[in-house]
């Protein structure tokens, strides 16, 4: 028996399943944090969470609103300066999995979190790079999580903030990057993976109830499907309960707007 | 040698129009009270440096204090956009804002270089990114031993660094703990520094390898209880997450933003006045 | 993932003939027990790396374990020469010793580069010194922004790092405090690592920004109480200054040195045996 | 009234007098440590002692035998990693005075602590550079303390470990070093200072009871004397008492040989 669930929940749960126990995971803000902390409550109690603000081995009891919440520092094995996170831990190859969100992604898993439009006079100014360029370069592999919308899955990025596979093929290898690059893109509709040779993202798993046309309509390039597309196993009750319990505790802890 | 003075006096003496000012604190210990005081004193043409220009810089930018921003990630963490930052970049309101844009790794390394007395830092970064196209402070560098292609970033050497810390002793030795970000580097890289603190204590009694700024590295220490609000001070009060949510509404509209700044910052004398005007109660620290 | 094992087993499994081995500890927490175990197991052709090759390397060099030494200062601190080191360099006894010689600043930076995954480090150093003439791992480098002339040093990436620490928990998370030197960098720069500790505890209860080596960065944790003797472990026992004085006499003469090593190291099973054979009582910690 | 005193005591006291209160002093092993800790007990209680092992603001109750003794860590304001000492504190120009010993010195205050004889097959292998090359480069100024012997004050160094004024004149400035260089050499016979133009060391103050001939006989080059040579004020009773008390407590604390 399965509970009813939302595409948002499917996305978080599908992403959480990709995090193996005992590995080190560099956690970005927002959706990656949800998935990583969910994994820790399910099959990966010894997943080591590392945040760029400094905490190593954080075990937050609720979802942090930011990547520098007090819960992260209080529950971490140690807290180091930010520059050390980037040098001794990330750049030194000690992170297994980098986990990123993004505003835009292209078919070779390059990411844009900088601007929509021209850099000097943008239509929309986005927050910028943060840790992403070096996370994607140095983590053993990268997972990307974002909602599947046509304005996010674009044929051409306005700005390449963070490199995935550049223009595909062996372009990433030629750049000399240590990490393997983005291995899975998890959305609220499906999971995409780079095709072995071309490195173009192809759909490998479709979430239950999603039609291929939904994915095509929400992707800004003619998206292809792997020869053997699977259906993502739907959320199990214990997965849903853990996610909902985590979210409920988070809302209770974070409170309502103040100071207006 | 640190002087223990009021924040108003410290900002008046140490922050000048046109200065390069680094206000640091990664989510934790953000020097909001000092930011407000800079706004009250009407500083102009500042080059603002910060890893994550969140609300504190949204306010300074929206009030027209800055002409240039050196940064890596500008958003309202967990909430969304910084509307004043976006308005400045997208529409030049209230004035245009020049951007010098890094990744977190690049900017953190640039602070380390500044604190190390070096003109630049080396990192294995920026490969394939468009960021170096727009930032002349990022250049390619080849390892003289291996030929590996790396990146060089110009050191950050601010005129003034401003940070918030938990405690100082009466001589001005500062102790901070928890998420310490790049604060120590910012202070050691800067020509002058202001540290606001939650309290002055007789003895720091810090653990052996604590993050300490010796009094002779700090120009002014200013007691400002609650001075990090809406950010937090571990051991004192929690992050006011509600304020970050509320800021999205306050800052979305130019008029509403101005009215809020008039009422809570320009119309108040000091940080205690701000907390009263904004109706803030510092959230007690949650024990995990 | 750290395994908690005996020192003999750890050295047998992780230190191989010909390895580059970094044993660190700046006066404090010097891994003497591990050095003795390497001698007992008769390792050969090691490249030994260490900021201050004091007694621990005098013993390894005198017993013929090393073919190369990467270092910055080789003396008996506060006492005088390292006689076994001198005998190897001056007379090739018991075998010749190749030197790769740095300043402290240069070698410390080289460790930082190793721990940072970079092939080299930059420092403003070695100007006018003859050291770069004899060390190809030091090269000139020009700042791409300012043209300033600086030095590059090749990163240190040991096969094995060996350090001593105060405590570990049962999962192998290590906590050290006090003078921490370059130990963290040595471990993070190395492919494998051995950490000897004074004790295994249930909970580290370390302060917020303590120097911690997470269990997944350490290959083996070995409980060896007193394992730093004649160095010290803050919070456990003091430096045995008398032993450093005595070493001058023991080590001055080849025969006397060999006899002492036979009796106290080769003729003993483990560190407890060494302490007994050498008649050592660990000095209690002095409270200043 | 003055107590009888030894040349060794005169040397330590003359050196201690050169350390002004409230400054930051980077302390080498041996004689510099004695002088710096003596100054702290006399006129300079707020002299900030920094040791390359990591302690900042150390206040050791006795003279440390090494530069990494437990007393230094226990009494310091903070203890930082060794690399940080060299980067954030020394290289960053935050040290006012560097205080060095040496095995050999030449007339331009260059120092040799590496080898006597050829580098690859030395007659005497000395300990090496330690922190000296960068201390002498970056400290605001450098003091050097050593016993005045002909084998130490040599016409030509076998090895230049640490630069003073190279071959004199503006050679140091042309090298681009931040610090002013060695400003005073304190021995058990006299004090030498670099001549303003040539930068050659000249004797500026002779210790009481020392003849010019003693200095000439113990210097390996034709040493010159400044136009106005002063006599070093002899040790005052409180200086001698402080030094002797410090040494007595040190000997009591450090104990006798063990483990033989």
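Each chain gets a letter, A, B, C and D, in the order it is written, and its residues are counted from 1.
Just so it is clear, a residue touches a chain if its C-beta (ideal position, glycine included) is under 8 Å from a C-beta of that chain, and two chains touch if they have at least 3 such contacts.
Here the structure is a predicted model, which means the values were calculated and not measured.
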Contacts common to chain B and chain C (chain labels): A, D
Winner on C-beta contact pairs when A-C is weighed against C-D: C-D
CA centroid of chain B to CA centroid of chain D, Å: 41
Distance from the mean Cα position of chain D to that of chain A, given in whole angstrom: 57
Chain C-chain D separation of Cα centroids, rounded to whole Å: 27
Touching two or more other chains - residues of chain C: 112, 117-118, 123-124, 148, 178, 180, 184-185, 208-211, 234
Multi-chain contact sites of chain D, meaning residues that touch two or more partners: 73, 79, 87, 91, 138, 178
Touch list for chain C against partner chain B, complex: 117-124, 137, 139-141, 143-146, 148, 150, 152, 154, 177-178, 180, 207-211, 234
Complex interface listing, chain D residues touching chain C: 29-30, 52-55, 60-61, 64-75, 79, 81-83, 86-87, 90-91, 114, 119-125, 127-134, 137-138, 159-163, 166, 175-178, 253-260
Sites on chain C touched by chain A in the complex: 1, 112, 115-118, 173, 184-185, 188-189, 206, 208-212, 214, 216-217
Interfacial residue positions of chain D with respect to chain B in the complex: 22, 24, 48, 56-57, 73, 77-80, 87-88, 91-94, 138, 178
List of chain B residues in touch with chain A within their complex: 26-28, 51-52, 71-75, 77-79, 81-82, 85-86, 89-90, 101-105, 108-109, 111-112, 123-131, 134, 148-149, 178-182, 184-185, 211, 230, 232, 234, 238-247, 249-250, 260, 278-280, 283, 285-288
